[in-house]
Amino acid sequence: QTAPEFAADGFSVCVDPTFPPMEFMADAADKDPSGVDIDVARALAGLWGVDASFVSMDFAGLLPSLEAGRCDAVISGTVLREDRLKTFNAVPYLDTATVLIAGKGAPAVSDIAELAGKTVAVQSGTSYPGRMEELNAELEAAGHAPTKIQQYPKQSDAIQQLLVGRAAYVVTQDTEIAYREMQDPGKFDVVFTMPAAAFEPFSVYLRKDDAETAKVGEAVKALVANGELLKIVEKWNLSPSQLNGIGE
Amino acid sequence: MISLRNVNKNYGTFHALKDVSLEIAQGEKVVICGPSGSGKSTLIRCVNHLEPHDSGEIRLDGLEVGAARDVLKVRRTAGMVFQNFNLFPHLTVLENCILAPKLTGAVSDREARKMAEDYLARVHILDQAWKYPIQLSGGQQQRVAIARALCMKPKVMLFDEPTSALDPEMVGEVLDVMGELASEGMTMICVTHEMGFARKVADRVVFMDAGRIVEIAPPETFFAAPQSDRARAFLSQISH
Amino acid sequence: MSFDPSTFWEALFSWPFLRGALLTLGLTIAAHLTAILIALPLAVVLNGPPSVLRKLITAYVGFFRAVPTLLQLLFVWNALPQIFPIFREEWFTPFLAAWIALSLNESAYQVEINRSALSAVDGGQMAAGQAIGLKKSHIYRYIMLPQALRVALPPTMNEFITLLKLTSLASIISLQELMTVTQINVARTFQFSEYYAVALTWYLVMVYSLMGLQKLVERRFRWSSRTEAAALAETRRSRGW
Amino acid sequence: MSFDPSTFWEALFSWPFLRGALLTLGLTIAAHLTAILIALPLAVVLNGPPSVLRKLITAYVGFFRAVPTLLQLLFVWNALPQIFPIFREEWFTPFLAAWIALSLNESAYQVEINRSALSAVDGGQMAAGQAIGLKKSHIYRYIMLPQALRVALPPTMNEFITLLKLTSLASIISLQELMTVTQINVARTFQFSEYYAVALTWYLVMVYSLMGLQKLVERRFRWSSRTEAAALAETRRSRGW
Amino acid sequence: MISLRNVNKNYGTFHALKDVSLEIAQGEKVVICGPSGSGKSTLIRCVNHLEPHDSGEIRLDGLEVGAARDVLKVRRTAGMVFQNFNLFPHLTVLENCILAPKLTGAVSDREARKMAEDYLARVHILDQAWKYPIQLSGGQQQRVAIARALCMKPKVMLFDEPTSALDPEMVGEVLDVMGELASEGMTMICVTHEMGFARKVADRVVFMDAGRIVEIAPPETFFAAPQSDRARAFLSQISH
């Protein structure tokens, strides 16, 4: 494996450690964050024979830092989106689905009509609001009332609305709910998996340099091939199906 | 009209007025004099309750000074000219004068303005009516302060050295105005060292020293033959 | 750094950004005015003699300055409905909640500004107002406050601008003002320089307009300057104010 | 809402929270002191006659108040090293970057506070200082500023407290102060009330200590009150200050 | 020592000093009088450059008043007592007096303090040395202002109505102090309406009206037989 040039003296990664299990501070006193992305970054670095280091910051600081060269990559639960590729390159490493969760014991949603008029809390700046709007369009087309969408800056703020009782559902990632279930079983239930309009896996974001990006792509492929990614997926209680389509 | 009985006033540990008693009849004109720091300003500030007194009784036109419900009545009864003027710097000369009549609703805006112009003319300062206090010389400010107090049409006037910043000519004119007020029957207390004025207008002279009233006498007696040693020593300096 | 001018221009006058800017401005004006109204009587009490009320107000000021605005917003939005069910209803919008929280928060700061401005007014002014027989409310309305305003205006403008930025915290209760709209767009497209430039432009427009306004108001305070009072007197005489 | 006291107490004195609180306090003190040092001479110029310099300072004040602090932090941390390679080196820590950005930012607000406080000092004071033959720097140092301080203190304290909260923005350049530590813990455990209570406690401690300090300083200003000056004079005489 | 040549001063459109020329020799004592608003305060404020003049030339002890590099020298040469005192409210009486000597480094702290105490004693206010200005009566403040100016050991003293807030007794004492200064050879300009003082101490009396010097004469001549009609009218009021 040829290491990309930016990783010649170590692989530094910017993360916003408030999105378990992708990246979070496992213990308040920890120096480095833990999580899926952290393990992925370490695996990549291992492949290149260098050390991985992590810089924690608020989400808004991630991209300027990457652009300014303060870190080599952003691996922070960021999914692949077409319009993001104008400014940065991306390499997918883990597929993910968007789900609706509700309090424990809530009945599963079998028909979207059941969502009509309900309040749904979502994290802003994600793909969730867009997805919910598509869903609302469907509802309206079918003659139902749309859902009421409330946007919150952090996933935890959105989930708080569920606990407070203001929102009926919260949109989140299958990864997150898997983690919550592992930590504190029996609080939430997944009631609905959002239909995926496009392939939007978690991705490594890099500066616009196609040659270097290709090397990272190769590395991910290698991690799929040698089973390292699968180990990480199992470690974090995720589904092996989430590796479908990765490394292709 | 004004009566003080055993009035005491302390500033912290400093005893500024000591057992002061004084009766002033309607229409009477009283001049207060005495050395610097003897409590003259404090005395007249107590009369309209700008300073609360600590003990004793003060009555003004039948009102008890210090009784919460009468405090506005007391102050509207007594007009005051401050030693350091205290004009309102954000208002023009004219506005300084019409503020109180307008707000207390005693007269219409029109009348208030007319009255203010009259008084400003009387102290020869009507031509400065549009200026702000900061633009005026010391003497001009003092005259505005006098006009402002008169505009309240008070029954009693309290003057704290109303001529200190004036030139002799203007002193003459202001004293004339005060003389007129006196002859119109206004009750007046005037802290001043203008012995000429005291002689001409005052019914009685009150001499203070170190917070006490040392002597009260008609001006002729006081100037010619002061009773107390302190007053004698004080007066001997005037011909200086 | 890449910068795509067309993205910038498109966003600058797009409805979400305009709406965000208006929301920011509207919320700030509403909250600050309310804060000033709350603060004025409190400052007057603080400027007076010591009393139990004064102690209470001091505690109020300390508390609302110490509690992070974020928590105040969360409290009003999340906890209030649990305590008083009436706040669970439709009418209790994020705007309303932010208005309440920011007004209370800001009032604590404004109390201190007003207190200090009142204490800067010469002591003789209060005495002069009393001596001409004005009621306390009139003394404050016509004598103390107009003079205090001169001293209070610059720090008040500081607070207004701080509040303008602080409204972005209201994103935590799902209010989408200027900064939130910006960050949503950055997160969506990762084009941070373009969208931050849009936010910056709007903030600059708002702040500089405000400073222009402040300057106009300050012209009315020239009575305090030996060298400039004449000009003010002249203007007033000629306009017959 | 559930509240787990043991989580609260454990976190309250845990190293990350202590460190966060100290970082918050340290950064705030450093940035505010620097801001005041920058602001003093600028305010003196603004208080003087009109000039080109005055126009420049007005523009500076407007600019640094208008630009969101977030952007200033990002600029200093990310853009500066691209312009001046010297900032790429190890010594340029997030703390330093935050210090620079917050100082510049805060100085703009502080200029306005100082300007207004200086303008509140009676015009005759400057004249009196000149008349006794003091240099301009001495007049400001010994006559104008001590009197202005009385008026500037409350709004300055406002700014300090605002800054105390504002340091949380520095999480964007990877500085982990009190609020960041709190949010990281909330994200991990969802124990909102416990961790926010910890942050709240620390903010309350800091703000109330500060207000106590302010009160002590204000005792030195009793010369401005007819009724209290005597007490100050007495203290000074007895202590031979 | 002091020379003014064709000095003009405007406040906006108001012409406050009109072509004022005046020569004052070393050790000379000049009294300025004239009606309120005639420009007396403005004149002495121009002499130590507290107000910049608009045209004409002012020289003080060989220095050109208005030249940027000499402005401190000019002000240290001339001590000034303001019409409204302008004490420093945040400093005690003693500190008010020693501030300038200490900062200009002319004397040691010890000497500065000793000198201040001397002057405070001379104006009978040493016992108030620990008070703050707000605690003093008007007359007490005025005396502190005088002591503060003297502590600079100036060659020239500019007094703006230095006795306006004083009682006659204190006027006598302050005038005594001024007389002593005069006999020690100090050059003095004093705006005052104390004709007694003018008669006794002044070498010349300058009479101003509406921004102009109308008459300059030795006191005997001026009081006995004023040349101008304006001065005659003015003086006729004094015996009022």
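For clarity, chains are labelled A, B, C, D and E in written order, and residue numbers in each chain start from 1.
Assume a contact is a pair of C-beta atoms (placed from the backbone, for glycine too) under 8 Å apart; a residue touches a chain by one contact, two chains touch by 3 or more.
On a predicted model such as this, the values are computed, not experimentally measured, just so you know.
*Asks:* Quick check on the contact network: minimum steps from chain C to chain E?
*Replies:* 1
*Asks:* Spell out the chains that contact chain B while also contacting chain C.
*Replies:* D, E
*Asks:* Please find the path from chain B to chain D through touching chains that uses the fewest steps, and give that number.
*Replies:* 1
*Asks:* Quick one: which chain's Cα centre is the longest way from chain C's?
*Replies:* Taking each chain's C-alpha mean as its centre, the farthest from chain C is E.
*Asks:* Greatest Cα-centroid separation from chain D: which chain?
*Replies:* Between chain D and every other chain, the largest centroid distance is to B.
*Asks:* Averaging only over C-alpha atoms, locate the centres of chain D and chain E and give their separation in whole Å.
*Replies:* For chain D versus chain E, the centre distance works out to 44 Å.
*Asks:* Using mean CA coordinates as chain centres, what's the chain A-chain D distance in Å?
*Replies:* Inter-chain centre distance comes to 38 Å.
*Asks:* I'd like the Å distance between the centres of chain B and chain E, where a centre is the mean of that chain's Cα atoms.
*Replies:* The separation of the two C-alpha centroids amounts to 28 Å.
*Asks:* Multi-chain contacts only, two chains or more: what residues does chain A have there?
*Replies:* Those would be 60, 64, 67, 160.
*Asks:* Enumerate the residues of chain D that touch no fewer than two other chains.
*Replies:* Answer for chain D, listing residues that touch two or more other chains: 1, 70, 74, 79, 82, 122-123, 150, 224-226, 230.
*Asks:* Give the residues of chain B that touch two or more other chains, as numbers and ranges in rising order.
*Replies:* 11, 84, 134-135
*Asks:* Going by the touch rule stated at the top, which chains touch which?
*Replies:* Inter-chain contacts occur between A-C, A-D, B-C, B-D, B-E, C-D, C-E, D-E.
*Asks:* Can you list the chain C residues touching chain E in their complex?
*Replies:* Listed in rising order, the residues are 123, 227, 230-231, 234.
*Asks:* For a test of understanding, state which residues of chain B touch chain D in their complex under the given definition.
*Replies:* Listed in rising order, the residues are 11-14, 134.
*Asks:* Please name which positions on chain A make contact with chain D in the complex.
*Replies:* 17-20, 24-26, 28-29, 55-58, 60-61, 64-65, 67-70, 154-156, 159-160, 163, 180, 184
*Asks:* Taking the complex as given, what residues does chain C use to touch chain D?
*Replies:* 1, 58, 61-63, 65-71, 74, 79, 82, 109, 112-113, 115-117, 119-120, 122-123, 150-155, 157-159, 161-162, 165, 168, 179, 196, 199-200, 203-204, 206-208, 211, 224-226
*Asks:* Which of the residues in chain C come into contact with chain B in the complex?
*Replies:* 122, 124-125, 127-128, 130-135, 138, 142-143, 146-147, 150, 221, 223-226, 229-230, 232-233, 236-237
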